[in-house]
Structures are given as structure tokens and as C-alpha cells.
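Here the chain labels run A, B and C in written order, and each chain numbers its own residues starting at 1.
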Amino acid sequence: MQYEAVIGLEVHVQLKTRSKMFCGCSTEFGAAPNTQACPVCLGYPGVLPVMNEEAVRKTILTGLMFGSKVTEFSKWDRKNYFYPDMPKNYQISQYDLPLCRGGAVQIGNKAVGVTRIHLEEDVAKSFHFETTSGVDFNRAGTPLMEIVSEPDIRSPDEAFAYLTALKEILISGGVSDCDMEKGQLRCDANVSVRPVGQKGFGEKIEIKNMNTISGIRRALAYEVQRQTAALEKGEKLQQETRRWEEAAGKTLVMRTKEYAHDYRYFPEPDLMPVTVNDALLEQVRKHLPELPEAKRRRFVKQYGLPEYDAGVLVASAALASYYERAAANSKNPKAISNWVMTELLARLAETKCDIGESPIAPERLTELVAAVDAGQISGKMAKDVFAEMFASGKSATTIIKERGLVQLSDTSAIEAFVDQAIAANPKSVADYRAGNAAAINFLKGQVMRLSQGKANPQLVGGILERKLKES
Amino acid sequence: MSLHTLTIHQLREKLRRGEVSSREATQAVIDRIAAIDSKLKAYLWLNTDDALAQADAIDRAGIAKNGKLLGGIPVAIKDVINVEGQPCTCGSKILKGHTSVYDATAIKRLREAGAVLLGRTNMDEFAMGSSTENSSWGVTRNPWDLERIPGGSSGGSAAAVTADEAIAALGSDTGGSIRQPAALTGCVGLKTTYGRVSRYGLVAFASSLDQIGPFTKTVADGALMLRAIAGHDASDSTSVPQPVPDYTAALDRGVKGLRVGMPKEYFIEGMDREVEAAVRTAIKRLNELGAEVVEISLPHADYAVAVYYLVATAEASANLARFDGVRYGLRVPGEDVIDMYGKTRGAGFGEEVKRRIILGTYALSAGYYDAYYLRAQKVRTLIRRDFEQAFAKCDVVVAPTTPTPAFKIGEKMDDPLQMYLSDIFTIGANLAGICGVSIPCGFTSQPKLPIGMQILGKPFDEETILRVAHAYEQGTEWHRQKPAL
Amino acid sequence: MPDMDISYIAHLARVELSEAERSKFAAQLKDILAYVAKLNELDVSNVEPTAHATPLTNVFRKDEVRPSIEIEKVLKNAPEQARDLFIVPKIVE
């Protein structure tokens, strides 16, 4: 019997706003404990929440980016449960009328459906010691956007692709930085397994505590395998919540005590509903970025790049932007692309810099490529020049001038070197004339050596061939 | 001249003319408290040094003289409203020793108006009650009869004003907690339209019903207090951006041409005969003053108590969840966090609070939400519509505030349902979100206990209810009578 | 309607009740629930629930940082604190 995995992902994203969802405390990361808290986000008696407008706009923007329907009328609800990281022991969230419904995230040829997108407030952070835990309320109240996918994902790889694409879209929209290490993006999964062809779903098992995108892929792979093996043995699976243990490489059942929740949702009396009209939608639309998919297609069309190159270059907004600046005034966007994808990215990786810290400004790369195309330096020479540009920050023109690297393209000078090489290497000449075409390479090398590497290799080749044919 | 017996207007006049200082006035009130509060127990906390320091600062700055609304006037605060640096127990053990770290907006506005924040008054725990017997700190006694309750939940504030232990006071009204004690102690109690006064800093009981309001000795004083504290507040999303008129300016317009609605459902079997008679006589008096009296119906009045005890308790069950021993308040240690929660809340909350939390949690729980909470919110809509339709036929609705005068301490403690039913006339106005003021309209004969009538008005029409109340009050002497203490 | 399971509701509400309280409340709440059942007399099939007393929408604030309160005030009423954190019994996942 063949089994297939059915996976749905619930992603929580911290929005990139300056202040919290319901109060004016800063959302900046890394502050000392409990220094970004106020009576409201501490849940002191008598306080009241007030909605952060930017958080709502960013959520609407996300809906537009995913092609969701932004609901005209949405409201807030209290989700009631007790936990030390909950300042009020209810979380202000959205239950039956979320801000956005529907939409999809494209992964390759497949569209993974989005069920809903809603806003809520984040909880505090706990630190665990030997017999106690300590709670820091800096994070409590941060705007949190929850994106629930349809159970359309069929493999850990698809999950990985979905999360990668989702991150890219959110980053490009300025909605969130999606840094999982900083807790800005968290993901829980619902995993079930069923025989291929079966319409109904198997028992849905929730997986929590996956802290990196690769970790999620590993966890899902493990869980799918575990559930499949269980079903094959004839075991019955039951709905439960499991915790991924990265070090052990397995999922374990969590204590169910806190997880059998009756949230007792009811409309939040302290907050008024949100109505979205066309005017507001138009305002938000102005902030729509060019999404990665559209950008890729444009790069192919506008710069004549192959799909693969375009794909690499749009992988990050910063990289795409760098490329476009370099290609803007270049007659050879393909060459620019090659330099960026091979030399530049490699060098940046070696020095652990990202594209924003590149010592070579995009315009300088344009200049380098132009110098090669103009025959000023050879391609081989350009690699050296590039290395020095990276190390020193100097321009190609400066380096070429300082090192006197201008390629020799004066044909009479080259002819002189060619004559010298022919005269000094009769054996190779004889080999070539005897039909060994490869012997010309040795002679080429000799000409390059004689010219101290400066001779234009194309010209050398042409002149050598002509002269060798002559006699 | 016993300064503590003055009204805000009278004291303000003297302060402005420089006849007395705020310090003298404040001292007079402090002396009064020292003399009688051991009998009444209206106050939970009073820092006399702090109060006098405030008064001195006001005197030095000449605030009372330069026209601030409440310049130099000592005002008592119900223990449910946050005043930075002061304790705030809400009448509960679970907040014993708790200190507020911020000012409620209404308090900020009192400060801006130049008032002296006097002390903190007793109340039913977390505003849940109609007699102040649910306070963890003991009951406050009715100044007219020390064996009787002063009403609740703002019993302390009502008693303080009536007994001249404060020139005015703040309370809160969720189901009648200002109007009912005002009626039972014989002073003026105003519940504003929902959204008229900011709730920021008022410890929440039922978020969609709570309002802060004043207790005063006269209607004109109430209008002044309202002017000081009303208005939109950016910190309260439910506060309405409606401009604040000068409530004192409209007071003297009289009642000629106004239509007074008498709801037949508020004159019921089983209500005290003298209470009914006093209110009927008062309405006749309004008629004599030029108002037209029309009979109206509020057909769903009988369902108000049932709606309230589902909606208010549901909201309260969530609002009180934050009292868990983690960030503030009482903590009873436990084996683990859940144990700590259970023990803390079990020990910290009193019986009535626990009862309502259980009821409210049940009304929201899975499988019961539709039958209880949702249904109650729908009937609430019907009650709101009743008032809307009534206000098409009349400008104000006049009715008794309570079915009986003050009952004896302990009389209703064993039967929660009986206690709930004493709110039968006040609850409707909270559910509909409209405004209402209770004013004295007579006394029962034996013993002599105050009777109050309430004047209910359209949303944001406090001007009209105050105008009617003032017209009635000016033609009577009820508000000048003081208990013998 | 079946009787309320008071122990379960008390657990949901995280309020520990004594045996005496449980039986007392059971009786009282039974009466109260019988009383509120009168709401079933009404036909509310076409009635919208009252969500808010006032018909406001889009009550927003601008995304601006306001000063937080000093840590002394944050921790002022903390029953137990250490290293600037609120301390509770160890939370086990």
C-alpha cells in the first residue's frame, strides 16, 4: 500500500512595526528584560488595548501579495487560556472574521492554498532555570500575523519550498524580516498520512518546536515516516501534539494537560471592528512590491538571462537590486550576471559578507565588464583585477592604470612577439604545420609570456594562425 | 462654618473669593472622617499628609482662585480606579498590598481640574454586588441607619458623600453600582452614556457595561464633575469622540415642553409601597413644573437581569483571569504553575466573585456559548431597541431606582438571586448603553430611609437628564436633609 | 440542560474550590441557571447580538514608539522576581 503525506503549516510572523500591537512599547530586538513593557502589555488591572494601524496595513498588504480576499468587516476576539507568558490570560486574536481569507503561495508549478491570515498579539518570553522559570514581557504584545495554509503540502521538500517562498514574499513587502533565530517567524505543522487515493484525511498530528526551516524539513520527514510505519503495522493513530527534538532527531508526545483547550472565544469588547474599503485598499496597494516570481520573469525578458540565472539573482531583494544597478548601464547584462553569480557571490561567501557589504559597488562591476568587452584587458586578467578590486575597493580603471595592465592590442607589436615565438620554437611550428592543431596553444603561451601577459589573446591567436599558414 | 457640609459649588465660591483655603477645606473633611468613619467604614485608605500636601500645592499655585473647574475640592475615589502610587485593592484580598503604577484617565482629568484626591472608598469586591457586603475588608454602613447597607458596589463613595466625608466622589456603574447606592443613601449618582467617560484605569468588571461616574450632593455638582472627566480618550478605544458640552450651562432651562416617559414595567408588584408612592409623586411634580407625562413600555424589562448575569459574568470571567499571582497581587505557592493559579485565585477571590467567574466561564464554554452568552447578547439588542423606541415617544424615562429602600446587613446574603433582583431597575440602562442619574425624591417613614428616582436619557443626552433632575431638585428639600451622625 | 460540571468549570477558570464551596455553588448556580432560562421564551432568530454599545470602527493609533515604564515600576508588585524577570514555578512543556 502506498501512503501519502498531507501537511498543513501554521506560520506565525512578527510584523516589522516600530511599536507593539496594542500599546506604544518598542518592538526592538535584544533589549534588556522587561525594559520594553508598560501597564498595557503587562496586563495590569484597568488597562485597555488600542490597535496599531500599521500592523493592520501590513496584514492587508500580505493578503494582497498572496492574492487573498481582504474581508470588508473583521473583528477581534478573546482567546481564553492560562499560561505564565500570557499577561491577561486571554490573547486578543481573530476568530470567525479574520482580516484575510484565501490566497496561495506559488512553489514551482504548484500553488499551496492559504486558508486565512489574521492578526493577534505575541506572548511573553520564558527562560527556564532549575526549579523556576523567569518571564520577560518585552516580546508580549508584538504584532503577530498568523498564516494558515490549506493541507495542500505533500512532502517535506514542498514544505521547505513553501516556507522559503513565503519568507521571500514577506521580506520583499517589508512586512517582516522573518529571522527565525530572532523568533520573527515560527512554524507549527499538522501532519497526517493516508493511503494514496483515499479522499478523507488521516488523524491529524500537530508538530511543534521546529526552529529552523531545515529543521522543519527534517521533522516532517521523520514524522511522515513514523506515521507511515505505524499505519503499515496496523496501528491506530490518534490526534495529539508532538514536540520535535532536534538533537534526538525524533518527535515525542507532549504532555496533553495544557493542550486540551476550550478557548471560549467571544468578541473582544475593548476593541472596535475593522472595516476595509476600496480607498484603504488602494493606499495599501501603493506599497505592493514586485514579487520574486514576477521579477524573475522580468529579468529573463529584460536582460536576456537564462531562467537559472534569473532565479539565482532574484533570490534576495538586495541581490536583485545590486544586479540591476550593475546592469543598468551595461551593454552586456549576461556578463554582469556571470560575474555576480560566480566571482562575487563566491568572494562574499568566503569573507562572510552579504551583498549589502560588497566592497565592489555595482557601478564598478559595470566598468570592469566594459573594460573586458572593449579589449582593454583579457578575461583572465580581469579575474586578477576583480580580486584586487574586492580587496582594495579601487576601481578597475585605477588598477589597470596602476599596474599598467592595458592589454596589448597594437597588432604590429603583437606581430613582433609572434615572429619571436615562431623563431624560438621551430619544433612546435613544425608540429603545427604537420597537422597538430594543438601545437598552436604552446606558441600562444609563448607569445603571452613574451608580452608579459598583456597581448590580447584573440588577436594573438589570429595573427599566429595567419603567420603559420604563410610560410 | 462646617466646610465639609458644603457642596462643590458652595466651596468653590468660598475658595475663589479667598475666604477659605483648600487646606482648610481638606482638613475639615479629614476631621469629619476621623470623627465618624469608624462607624461607617466608608474609607479603605486615606493618607492625610498626602491629601494636605496636594491642597497646599493647590493653594500655593492659586489654582482654586484662577477658575479651574474643581480647584481645591477634595474628592474621594472608589478603590477600583487606579491612582499612581496609591493602593488599589478593588475590595479584594487578591490585590492586598498592590500599588498602582499609573493614573486612570479620569484621575488625570481630576488632577487637571485642580481637585484634591482624597482617599479610597470601600466597595463590593471587583464591583460585584449591590450592598458592599462583598468587600473583603468589611461592610460600609448606611449613614441613615447603621444596621443597613449603603448599596453597592460603590457603597463607600455614596456613604462618604452623604455623610459629608467627601465633597464629591467617583464610583463606577456596571449594573447600577452608582445609581443604586445613591438612591439608598440619598445623594446624586450619575451613570454616563457608555463611551462618554474613559475607562482607561478602571479595573474592568464587564467591559461593555462599565462606566466611571460621580457621586455628588446636588445635581449641579454632578454636572460640574461630569464636565471635568468626560471626553474622548485615545487610550480607550470604546470612548466616543463626541464633544463635551458645558453641562452646567443647560441646567436651568426647566422642563416645560419635555416629555417624561413612565415605564409601566418599572412599577411592579412586590416593590415597596412608599418607594412607589414617592416616585409617582415626584413624577406628578415634574408634570406640575411643565413636563408632559406619557406612559411607555419597555416590554423586555423583565429579561434584563437574566441578560446581565450572563453577559457581565462572561466578560468578567475573562477580565479577572489576569489575577494569577504572576505579575502582581497575591500569590499562594503551589507545586506547579497550575496549582499556584488555583490556590491563589481560590484564596484571593471572595465567594461572590468566584460564583460569577464560574457562571461566566460556563456561559462561554464549548457547547453552551450559543444557548447562554450568544442568546443573552441577542436579547440585549431587544432591550436596547425598547429604549430607542421609548425615546421616540419621550425625552427622558423616569422610574424608581430601586424596588425597596436599603435592606438590613445580612438580609440577602444567603440568596444570590434575590440580591441580583435588587438591580432590576438599573440594569437596563447599562445594557442599552444610555445615561441615567439617580436623585433623592423622598424618605420612607419608619425607619427614615432615602428613596431615589432615576432619570434615564438618550445616548449622549446627559444635558437633558441633568436639566430634569435639577428642575425637580430645586423645587424640593430632599437633598438638604442630612443623616444624624 | 444537564447540570453544570462545577469541577470542570472551576478547572477551566483556574479557581480552586473547597468541597463546601462546590456543593454550595452547585445549588445556587442551579437556581440562577433556571432563572436565566427565561431567555428561552423569546424568539431571537432574526436578532443580531449586541457586540458593542457604539458603532465605531477603525479606532487606530499611529505606529509610534512611546516610552515604556521604568523597570522598577514593571516589577514593583511582582510576587517574586530575579534577574529582572518575573519568577514562577518551573514551566514544563
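Heads up, the rule we're going with is that a contact is a pair of C-beta atoms (placed from the backbone, for glycine too) under 8 Å apart; a residue touches a chain by one contact, two chains touch by 3 or more.
Every value quoted in this text rests on a predicted model; they were computed, and no experiment measured them.
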item	value
Reference subunit B; chain at largest CA-centroid distance	A
By mean Cα position, the chain sitting nearest the middle	C
Mean-CA-position distance for subunit C and subunit A (Å)	42
Where subunit A and subunit B are represented by their mean Cα positions, the distance between them in whole Å	58
Euclidean distance of C-alpha centroids - subunit B vs subunit C, Å	23
Touching two or more other chains - residue numbers and ranges from subunit A	39, 42, 50-51, 82-84, 89, 135, 262, 264, 269, 271-272
Multi-partner residues of subunit C (each touching 2 or more other chains)	12, 14, 51-52, 54, 56, 59, 61, 69, 74, 86, 88-92
Subunit B, residues touching no fewer than two other chains	98, 101-102, 208, 234, 237-238, 317, 321, 324, 326-328, 337-338, 341, 361, 365
Touching residues (chain side subunit B, partner subunit A) in the complex	81-82, 88, 90, 95, 98, 101-102, 104, 199-204, 206-208, 234-238, 314-315, 317-318, 321-324, 326-328, 337-338, 341, 361, 364-366, 369, 373
Complex contacts: residues of subunit B adjacent to subunit C	97-99, 101-102, 194-195, 208, 234, 237-238, 240, 300, 302-303, 305-307, 309-310, 317, 321, 324-331, 333-343, 345-347, 349, 351, 354-355, 357-359, 361-362, 365, 371-372, 374-382, 384, 416-417, 420, 431-433, 459
Contacting residues of subunit C [partner subunit B, same complex]	1, 4, 6, 9-18, 21, 25, 28-29, 31-32, 35-36, 38-40, 42, 44, 47-54, 56, 59, 61, 69, 73-74, 76-80, 86, 88-92
Of all residues in subunit A, those that touch subunit C in their complex	17-19, 23-26, 32-39, 42, 50-56, 75, 82-84, 89, 126-137, 209, 243, 254-255, 262, 264, 267, 269, 271-275
Of all residues in subunit A, those that touch subunit B in their complex	39, 42-51, 78, 80, 82-84, 87-90, 135, 257, 262, 264, 266, 269-272
